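Labels A, B, C and D are assigned to the chains in the order they are written; within every chain, residues are numbered from 1.
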């Protein structure tokens, strides 16, 4: 696939994920082996202390890792596993997950992801943001018989 | 806290999580160092292939780990980090995460979680279910100044 | 392979690992999807505080996971990834890693491992020991073209 | 501590690790929140296929993560947990682990590590090398009573 085809493919997959729409997430960046997904903070995404729930942070990490890996591998892909470290409470107006493939072989891409929070309007200008979590995982190609694994 | 107090405390924390309510999750079991959380499968929780999204599976793992750890530690707790392996596509009527503390020290509990899927009515009788994911993570006490970490 | 053949195969692989011999490790148990590896504590395996070095604990976890997964998968296998939580300082006369496959599919086994320490003579009688670390990882079949991954 | 004091402290800790000496490892770089450890490939560090054993790769990751985190935290530190993905077989003359702290708070540093292999003489000039593994973990301060965790 060309870069344009991969971009279109990625957006097609993302738009076909009901859960991403349910959370209000957006696929805001794709490249060769990279992906960025954002979600706006809103009350129903929070936990008992008013921070964004770890499940939302995990969703972002999982999905950004999958898309970065799929873009590196050149097609449909599945997250086989990942780990996430929460560094700081996730507060702010927008939460952004940026992932990249670090090593890609024929059937898998090992990817890393950094999750940051930003005030409104600052997610673009303030590229660094405040790091609230980092993740690392394995993305595998979704073969004709995806016997195992998640398609998160 | 007594077991009854811990149970009440856990339910109080869970009910105060807007995100858990948004997903329709329920805290269906608590014990000394154990927790069980369930969610019913419904279309908005799925990904592009119709399976439950990895983000939902991750939410369940994260939250069940936190509650198991908090119950082992005896109070409010935070997930510092965890890893999850997706084993099989998550399909079925009900998805259940069961977590337990494996080693508890003064400030942390290392917990494991198994996530299973079940057909309607089988989550109780069919205690084993079909394992779709397994997770392991660190839960830390939420001190007076929770400077870092998630409260998922 | 029959159970006897798998057992012989596992011991053959283990005995062919120079690093396992260098550390003085022994493969002390194999079963269908389970493995146990031990090493005696001695000064050169320690870190600056006199505890067994994390690298030794990691070796045990990595290798026990690989053998448990290989035995579940029925042949040569590689550790694709794992995570380990250190729970307590590793002191004692013997350190034991016991691993088991939790979910096995065609090409991978997701395995868990518990690492315990024991006083001399107690590793058999005191089956539980003192848990010093727990691990979880992915073991994959070593196909004809093992393009990626470790054979730890 | 000043940078010079931290550097001296790190080398003092490393030199006090019998296991690092046993493997022939060297602490070849330290900075504020970064560390580099190397080991020369030799037969006794290998597994059954002639690659460096995963336990050696894990030792390097674990120890480089600990030193990077300790340097970020400004003192004695312990690896609480980490995960490692093996990407490719570890062959070559020298294997190098480079770690850095990504997020540091009062009591912990979340660190990442990249492990590369190099031909003789190329570890300096060929700074990128061939990535054989990547890791991520949590390093915690070693308080006056290090009740839990590894000091790998």
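FYI, a residue touches a chain if its C-beta (ideal position, glycine included) is under 8 Å from a C-beta of that chain, and two chains touch if they have at least 3 such contacts.
To keep track of the chains, here are their UniProt names: A, B, C, D = Medium/long-chain acyl-CoA thioesterase YigI.
Remember, predicted model here, so these are calculated numbers, not experimental data.
Trainee: What is the chain whose Cα centre is as far as it gets from that of chain D?
Mentor: It is B whose centre lies farthest from that of chain D.
Trainee: When the contacting C-beta pairs are counted for A-B and for A-C, which pair yields the higher total?
Mentor: A-B
Trainee: Can you work out the whole-Å distance between the CA centroids of chain B and chain C?
Mentor: Measuring from centre to centre gives 28 Å for this pair.
Trainee: Cα centroid separation between chain A and chain B, in whole Å?
Mentor: Computed value for the inter-centroid distance: 21 Å.
Trainee: Centroid from C-alpha atoms only, then distance chain A to chain C, rounded to Å. What do you get?
Mentor: For chain A versus chain C, the centre distance works out to 33 Å.
Trainee: Residue numbers in chain C touching 2 or more other chains?
Mentor: Those would be 80-81, 83, 85, 87-88, 105, 138, 147-148.
Trainee: With touch defined as at the start, can you tell me which chain D residues reach chain B in the complex?
Mentor: So the residues of chain D in touch with chain B come to 80-81, 83, 105-108, 138, 147-148.
Trainee: Which residues of chain A touch chain D once you look at their complex with the stated criterion?
Mentor: Going through chain A, the ones touching chain D are 83, 85, 87-88, 102-103, 105, 110, 112, 114, 131, 134-138.
Trainee: Give every residue of chain B touching chain A within the complex, in rising order.
Mentor: 13, 16-23, 43-49, 51, 53-60, 62-63, 66, 78-90, 133, 146-152
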